[in-house]
Amino acid sequence: MKKKILPLKDAIARFVVANSSVVLGAVLEPDVPFAATHEIIRQGIKGLNVIAPISDASTDMLIGAGCCNEVTGAWVGNVSGGLGHNYRRAFEDPDAAAVKLHDHSNFSIAMALMAGAYGMPYAPIRSILGSDITKSNPDMMMAENPFSDDREPVILVPPLVPDVAVVVVQRADVFGNNHHWGSRGVVQEAALAAENVIVLANEIVEPGVIASDPSRVLVPGYLVSAVCHVPAAAHPSPQTGCWKRDNAFFGDYHAESRSVEGFDKWLQEWILGVEDHAAYCQKLGSQLEDLRITGSNLAAPTNYAAG
Amino acid sequence: MKKKILPLKDAIARFVVANSSVVLGAVLEPDVPFAATHEIIRQGIKGLNVIAPISDASTDMLIGAGCCNEVTGAWVGNVSGGLGHNYRRAFEDPDAAAVKLHDHSNFSIAMALMAGAYGMPYAPIRSILGSDITKSNPDMMMAENPFSDDREPVILVPPLVPDVAVVVVQRADVFGNNHHWGSRGVVQEAALAAENVIVLANEIVEPGVIASDPSRVLVPGYLVSAVCHVPAAAHPSPQTGCWKRDNAFFGDYHAESRSVEGFDKWLQEWILGVEDHAAYCQKLGSQLEDLRITGSNLAAPTNYAAG
Amino acid sequence: MTDYSIQELMIIASAREIKDGELVFVGMRLPITAYGVARLTHAPDAVGLFECGVARYAPATDMLYTMGDPPNQLNAAWTTGLIPVMSQLQRGRVDAGFIGGAEVDRYGNVNTSYIGDFNNPKIKLPGSGGAADIAAMSKRLLVIINHEQRRLVEKVDFVTSPGYLDGGDSRATAGLKGGPSAIITDLAILRPYGPDNEMHLASLHQGHSVEEVQEKTGWNLKVLPQMVETPPPSAEEMAALHEIDKEGFWR
Amino acid sequence: MTDYSIQELMIIASAREIKDGELVFVGMRLPITAYGVARLTHAPDAVGLFECGVARYAPATDMLYTMGDPPNQLNAAWTTGLIPVMSQLQRGRVDAGFIGGAEVDRYGNVNTSYIGDFNNPKIKLPGSGGAADIAAMSKRLLVIINHEQRRLVEKVDFVTSPGYLDGGDSRATAGLKGGPSAIITDLAILRPYGPDNEMHLASLHQGHSVEEVQEKTGWNLKVLPQMVETPPPSAEEMAALHEIDKEGFWR
């Protein structure tokens, strides 16, 4: 097997190229790969189509930093605060750079990523019949169910095949094999759909740890392009069994990003003026340490013995 | 929560009614619910449509016993022996009761169950383009991909919504919550598609065991109709971490079912002449005991602590 | 006997909409608390579903800020993908779902996407999330909203989450079953009525008048002949709520 | 230097069809052994896929009777559902796949379903399993079959697993890429050739003649101008095979 371990900086530089489509946050509220978001901003990568059903403030940051001119998603904002100010400005403020939105519901974007993952030509759904999302998103197509007697309406959702998916896991080995537990949103579909997968692991473990529980594998290493050791990669979003959510941090971001000037100041302080994710963690200091999960609620033992 | 624990006999009698569609074996070669197959035969339930991508000799037994006049599947035979003799006779022998086959590939039946599970009106696939399966199975429809420029051909697979799915798991609680590990074929899709789910658990455990690892849950108890404590429910097929495959038993079945008389004798000896699954296990005696997995290859510890 | 806040009343009114044994998308904040109250009172076997891929038999014991927070994972009934959980909507298994919104209209359509023309919006709201799916596919939709004229409007600018669309059988024509069964506000509860499926004033919270509610509603709100006063929280309901809301967040 | 069985030669010829780093559906018995040999020789990073939902970086160390047996689960790269693994075919990620069959024809189509008319078959075979999917969607299909006239036929009674269909561009017209790259038999290796994509005699196993192979083939088998003799197993290949087949099952 080939070792795929890379510093985050190198993985982003190598796989997230300008004008590509990138899944950043497919677990919904947890496991948002903010460390990758920040690194993309630091490297000034432009023209991204950011794909995420819900990714808390990550997409808002990328818009504000000018990295992203397309969004494919179901909800963009700040789960603590509500609206995402940069996102709003992109639509409401004639002075702001415009963002093209590929509008979705959670289920329709999930079906689009599933279709991409499974090589389906498209996914027929009923779930957003009646919604104007089919008007604001012309990628979707109205059709009739050919198996129905009564010309039942259905919506055809085209597949999403992202250039890159960045996924956050609890642990991985140097070959990119990894374990994820807790709710997973559409991150497995996103990873299977994408051309390249970058894994951000809270911990790097011996290959035997991953191999000991192959049903816990989110996406096998042979489909992974790079694995990066990035503890607290999801901060300020939570990670099951590892990190609590930093509500205050989200709140501060929401307050400070209310104005363009406030956002720029925040950006300088927390991203541009910070060397890398390690420095970001150091700057957070005890605020981060207080979020570390230290309790123990272990899964029941599970035996894979063959004889 | 409501306790759903029932003797296997009662669960089969209550949920597997004549002329219904029943998933019996959706994990492919392992976890075939032979204990349920046998009980269906003992109760003489007729007219079933047996749904299973591959279920080793289970479908062949049901056909031979006259319980099944429709098969929805991708492969029917005996993995050790090759052909399934009762299955062959149903098609080749004018004296045998005919069986209607809804012909599939593994992937097309998986997509049909997935569509049923997820409430999709149908699943468009490419995977069996060029195959005559689309001729022998008129349930499927040829179509064009409306998103393609070049009238790309696709196949539309209608959803399967079985009346019942019988699933074998390593452990469950009395409320039907359960854990499954190892490869799972399409059993999760089958359970989510079905109107009723019967869980056969190798072990009944305290609810806290299942709750300790909610990412290991195959199908939550609220979607389960009955849970039965049936150790070695899959014998002679294997069960990850619990039971090895009984190759000799499959071989004997294959040899003895070569003739109708031989099958009838086998049926009398191993199913009709046996009171229930406990008696079947007792009859197997040391042959079964030798298949019990006693080694230990435990999954790495996994922490769900929240604080 | 007015020893409850209006938010507590809304929670308890919401809890009453959940029946025992039902599968319910319970969202966050007010509805998840309502789910907790329902479980402790009349609906012990109601199951709570969350879009991120979580199902629970009881609310998390620790405070949640998002559905995916660690306490919502711990001892869940199921932590899985979005699709296995949200597809239960499209599969027809989900009895009810709670959503909020910036606007709701006469036919129970909800907007969380755009104020103004979607091609050139005055305000860009965060979008659907799972709300469109819950509105389209659950058997009963429950809308929680503050009763203001700018929120309860004649016609939403954008139907994110379909109610009865243009009323009458237009929802059925669009291929949908179900529909809004209640709009729960800080003043009243509105319910669909008649073949037109228009939202009517069905239950008035204590201390408010029909006229006040009508004035704060952006359409000509009709009153059900069988309109009632919203029953105040019972002692049992309040006890259940206080068991969940130990810190008095909703007081 | 003929110290190998014909089955051992077939395994080694099959192993040579696997390139390093490829994703391969490796099936059971002969092909899974071939995968093991490939890994130990020229293709250490080839990944083995199994339809039940297993992916492995190396074959199981204990004997398997089915793909789902406990030794194939233990220390696998991934044990998951059928769909996440088999969909890698339709997603276009799978380089090669091995299948067997009762019949294969001039254009590499394989039948494992019906001998005779499918409405009234003379013999009902077990069916596709995953073979149709592997044949349709992998970049290269590898067919393993015993070289008998009743097996290598002019035209299969039923196309379970599509090869080049009616030859020429008929496979592309059906919406498919890829196609059979080799039929590996106990006598020879056949490969598609020319715009017609007809299977030709490409490599002859030692000790057999062109005439013998043509006689045992149910169509007028043409010989590639660049036909070679199948290189006998190298010492390294045999060592790898013996490391896997410790008990001499294939000897």
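Letters are used for the chains, namely A, B, C and D, taken in the order the chains are written, and counting of residues starts over at 1 for each.
Just so it is clear, a residue touches a chain if its C-beta (ideal position, glycine included) is under 8 Å from a C-beta of that chain, and two chains touch if they have at least 3 such contacts.
As the structure is a computational prediction, the values presented were derived from the model and not from experiment.
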{"item": "Shortest contact path, subunit A to subunit D, counted in steps", "value": "1"}
{"item": "Between the pairs A-C and B-C, the one where more C-beta pairs touch", "value": "A-C"}
{"item": "Identity of the chain that, by mean CA position, is farthest from subunit D", "value": "C"}
{"item": "Whole-Å gap separating subunit A and subunit C, where each centre is the average of the chain's CA atoms", "value": "28"}
{"item": "Between subunit B and subunit C, centroid-to-centroid distance (C-alpha), Å", "value": "39"}
{"item": "Subunit C and subunit D: spacing of chain centres that average the CA atoms, whole Å", "value": "57"}
{"item": "Whole-Å gap separating subunit A and subunit B, where each centre is the average of the chain's CA atoms", "value": "36"}
{"item": "Shared-contact residues (touching 2 or more other chains) in subunit C", "value": "54, 69-70, 73-76, 79-80, 83, 87, 89-90, 137"}
{"item": "Multi-partner residues of subunit A (each touching 2 or more other chains)", "value": "119-120, 125-127, 152, 154, 181-182, 184, 188, 212, 215, 240-241, 244, 293, 297, 304-307"}
{"item": "Overall pattern in which the protein chains touch one another (line/ring/star/complete/other)", "value": "other"}
{"item": "Every chain pair meeting the contact rule", "value": "A-B, A-C, A-D, B-C, B-D"}
{"item": "Residues on subunit C engaged by subunit B in the complex (per definition of touch)", "value": "23, 45, 47, 54-55, 57, 60, 62, 69-71, 73-80, 83-84, 87-93, 137"}
{"item": "Subunit A-facing residues of subunit C, complex", "value": "50-54, 65-70, 72-76, 79-83, 86-87, 89-90, 113-114, 118, 121-133, 135-137, 158-162, 165, 171, 174-176"}
{"item": "Complex interface listing, subunit A residues touching subunit C", "value": "27-31, 53-54, 56, 73-77, 79-80, 82-84, 87-88, 90-92, 103-108, 110-111, 114, 125-133, 135-136, 152-154, 181-186, 188-189, 237-238, 240-241, 244-245, 247, 293, 297"}
{"item": "Residues of subunit B defined as touching subunit C within the complex", "value": "1-2, 116-120, 177, 188, 192-193, 208, 211-212, 214-215, 217, 220-223, 304-307"}
{"item": "Subunit A partner contacts - residues on subunit B that touch it in the complex", "value": "119-127, 141, 143, 145-148, 152, 154, 156, 158, 170, 179, 181-182, 184, 205, 209-210, 212-213, 215-216, 240-241, 244, 293-307"}
